[in-house]
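Listed next: structures, encoded as structure tokens.
The two complexes that follow have chain A in common; it is paired with chain B in the first and with chain C in the second.
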Partner chain A sequence: MKALAELYVQQFKTTLASMFQYRASLLIWMIGQVLEPLVYLIVWSIVSNNSGGSVGDYTTREFAAYFIVMMVVNQVTYTWIMYEFEYRIREGILSFALLKPIHPIHSDIADNVSSKLITLPIMILIAAGLAVAFHTSVSPTPWAVALFIPALLLAFLVRFLLEWTLAQAAFWTTRVSAINQTYFVVMLFLSGQFTPLTLLPHPIQVAAAILPFRWMIGFPVELLLGRLTLTEALTGLAAQAVWLIIGFVLVRIVWRAGLRIYSAVGA
Partner chain B sequence: MNFLRLFGVFFRVNVMGELAYRVNFFWQLFQSILSLGMSLAGIAVIFSYTDTLGGWRPDEVLVLVGVYLLVGGIIGLVIQPGMERLIESVRDGTLDFTLTKPEDTQLIVSIQRIEIWQFIDIVLGLAVLATALIRLGENVGGWQAAAFVLMLLAGAVIIYSFFLILATLSFWFVRVENILAIFQSMYEAGRWPISLYPGWLRYGLTFVIPVAFATTVPAEALTGRLNWGTLLGAAMLAVVLFTVSRAFWLVGLRHYSGTSA
Partner chain C sequence: MTLPAVHIRDLRKTYVVSQQEAGAMAALQGLLHRRKAEVPAVDGISFDLAPGEIVGFLGPNGAGKTTTLKMLSGLLYPTAGEVTVLGYVPWKRAKSFLRQITLVMGQRNQLVWDIPALHSFDLNRVIYHIPAEDYRRMVGELTELLELEPLLHKPVRNLSLGERMKCEIAVALLHRPSVVFLDEPTIGLDVTMQRRIRAFIAEYNRRFGATVLLTSHYMADVEALCRRVVIIHHGRLLFDGDLSVLVQKFTSHKTIVVQLGDCQADLRTYGEVVSCADGRFTLRVPKAETAHITERLLADLPVIDLLVEDPPIEEVIERVFAQESP
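Coming up: the complex of A and B.
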């Protein structure tokens, strides 16, 4: 446990140093993170204004609030492990990580969390600026705020575990970009990034409830915006917990199988 | 002629390289069709709540989707891969080999890498465009078609010159591939008519990163929205940017020869 804590602290320092090294790439990455929800915000605002100030159960201002909170939640839960892992395996860097006595997922989590700690304040500033620009605000109930924190944390963990599992595809195929793109396209719809899920046809909403995507992004947003009843919120947390367990199991199984293939190639 | 012959040679080489990975074709096909299906579904959702989007009717937005795919395919087919390779070869010094070849270096670096699977997006883009045109019916005249082709050409030249200028920066700076990454996320915004966006974003997407010329302007030409000012402006910008990028490239190349000598 102590070794693990030391690893996290050390990784934090390393990540911090490398982030100041690559300020430009950080900035470019954030532009992308802001632009995508902003585009959907603008599109849906126009649709809403066209149809008399609201679409479904969202007014123009609520759309703005939805996509701005979405921007922050997406930033918190985002991972780049699929690109990273492909590079590690292609270049053989993974071999060094295997020499360490600790599962490599720990340094990945530490790296991810550290860089978020630095970028999150900037993202919150941007979100606040956009909230002023689009004349919107969020006034959640106390229990929604209280549940938002664990929901966000679970969303991060579920997304991290599942994307870490997906990243292992690089063990089996050399070109993972098509797999990643497919994943992102499906996620765009089913996570609520394109539009609030309540505006989609019913079958898609059912699919979104079963699959993990909503629990990684859309659910915390809906919770903070006060769109869920207490029962719905608790059910959601339970769904996140189930996906967390599935994620744990997947990471273990796929990592072992992948390592066998990797050592076969490296030997 | 020389250009066509060289393009043919590089094309053959790249095809041979890719045919070793035939499974990629099916992955790419699946992925392209899924992306297209999702973007059509997105448009269907939006137009189930409204009749027009910033003055664009559904079939006109469909034209834009076709142009977006087509131009994105062209960028991914030859422009971006070539420029990424150029940046790499400046860094690791392999550009020296290209310099010894008895052809124009800019021509070679621009067409040296061809991602053949991107033809899938080009074909899908053309199919979407054709479908959209049929649905729009007789509203498309000969002039509009001519303006469309001209604007598509201008858009491609503008994007190519823009990429070349960025890639040429690698003669002075080491890490410019990140700037290419910015283009990717900006290009996403070109899925929708640029006129939807607030002023600052519209100007950014027109004059800082010229996404508007690649997607919205050709689509405007085809749907009869283009005025003479924009048409002439885009054509002139293409000529100017092409000349400027060529001049900048030559300066960069001299600088490169200076450092390695």
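Coming up: the complex of A and C.
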């Protein structure tokens, strides 16, 4: 445990050093992270203004609040492992990771958390700036704030575990970009990134409740905006816990199966 | 009798690959029905390494060297046969096993590309649980032996190939492994750097009593480091024994490269003319007569430059192969 803590501290230093080497691309990446929700925000604001100031149960300002919080939640839960895994296999980086007496997922978690710790303060500043610009604010109940923290953490863990699992498709195919693309499109709709889920037809909402995407992104946003009852919030946390367990099991099973293939065909 | 550090018996590794003929029709057929072929990469080899031994592991490209090293370090599991390293079954990748071995691949990098190597050193320190005192001492020793001092604080991407390789070797040895697998650690390096790395490997082996299995295409590496060599070709063992025996037995010739003004001269009286381009003759001469023939060449002809070489490792291996196959 102490050794693991040391690893995380060391990885933080390494990630920090790497990020400072790439300040420009970091900036571009952050602009992207801001731009995407901003585009949805502007589109929905226009739609809302043209339909008399609201769409469904969202007013123009509530749309703004929704997408600004979404931006921060997405930033916290985001992973890039799916873009990396195939490269790691191809370049033999995974082989070096396998030679080490530690599960490679630890380096990935540590790297991810580290880079979030570095970028999150900037993201929050941007979010605050946008909230002022769009004349919006959130005023959640104290229990919503209290539950938002574990909900956000669980959202991160679920997303991390599931995307880490999915990244391992690279063990089976070299066409991972097609899988990634499909995944992101499905997630865009079912996670609430593109539009609040309550605006979608009922069957899609049911699908979103069953599938993991809402629990990785949309749920913490709805929670902080005060759109959930306490029962709904607690049910949501339970759903996240279930997906967390599923994620753990999937990571273990798929990693083992993937390694079997890797160590059969070589790198 | 001590237990061998590395033990291999009838080791086999067969890759299953799908094959496709050239052409559109074949491609279409391939969509419907993939033809699979079994390619034996390692085809039943056996040898042991005693603790503290440095052994050269030779063979042409595709002979199965890297596949064998990967089976020894636990990255690949064997199709058949027995393999143990320090008593462990490598592919189970027990943590206590991984802490005692290392694999350096000359064509791959484990250092983080964008930042100074010292960061990667520090990461390995925590990953391998190296006590602070040991770590300091080891970094000190490696820095001294490999002259790393000016390199450790520069981003890895700014290092030359040779400088990077020195750092790669250092980072792979921080945890002081007792079994070291080196896959072409000197590939692409200039002669000075090759020599330095060679000297370092010898020193590491001497200082820590580590067992070293080394592949290289440079005969000089092997000659400088290994008394014993194991040669494989097409996945089969062709020779396992003293290097001096191998050289005596299979390199009966030397190569003399003579630079003349043009290719007009007839050098057949000096030795077998292998080739000539731009006045650069390559002659094959019996080893025992090398000095005599060199003398004659220099005396008889307007020689601009002259070079005496051992036949390349591939040629030695080819000879082994030619003589050992029925």
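Methods note: the second predicted complex is superposed on the first by the 266 of 267 C-alpha atoms of A that agree within 3 Å, B and C clash if a C-alpha of one lies under 4 Å from a C-alpha of the other, contacts with A are read in each partner's own complex, and residues count from 1 in each chain.
Keep in mind that, in the parts below, a residue touches a chain if its C-beta (ideal position, glycine included) is under 8 Å from a C-beta of that chain, and two chains touch if they have at least 3 such contacts.
Note that the structure is predicted; figures quoted are calculated from it, not measured.
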{"item": "First, second, both or neither for A:Arg175, with chain B first and chain C second", "value": "first"}
{"item": "Contacts of A:Ile28 with chain B and chain C, given as first, second, both or neither", "value": "first"}
{"item": "First (chain B), second (chain C), both or neither touched by A:Ile46", "value": "first"}
{"item": "Partner chain(s) touched by A:Arg256 [first = chain B, second = chain C, both, neither]", "value": "neither"}
{"item": "Which superposed partner A:Ala3 touches (first chain B, second chain C, both, neither)", "value": "second"}
{"item": "Contacts of A:Val185 with chain B and chain C, given as first, second, both or neither", "value": "first"}
{"item": "Touching partner for A:Gly56 - first (chain B), second (chain C), both, neither", "value": "first"}
{"item": "Partner chain in contact with A:Glu91 - chain B first, chain C second, else both or neither", "value": "second"}
{"item": "Common interface residues of chain A - those touching chain B in one complex and chain C in the other", "value": "22"}
{"item": "Sites on chain A touched by chain C in the complex", "value": "3, 6-7, 9-11, 13-14, 17-18, 21-22, 91-93, 95-96, 98-102, 107, 262-267"}
{"item": "Chain A residues touching chain B - in the complex, by the definition given at the top", "value": "22, 24-25, 28-29, 31-32, 35-36, 38-39, 42-44, 46-47, 50-51, 55-56, 174-175, 178-179, 181-182, 185-186, 188-189, 194-195, 199-201"}
{"item": "Footprint of chain A on chain B - complex, ascending", "value": "21, 24, 27-28, 30-31, 34-35, 38, 41-42, 45-46, 49-54, 175, 178-179, 181-182, 184-186, 188-189, 191-192, 196-198, 201"}
{"item": "List of chain C residues in touch with chain A within their complex", "value": "15-16, 67, 70, 73-77, 91, 93, 95-96, 98-99, 101-103, 105, 108, 110, 112, 114-116, 119-120, 122-129, 155"}
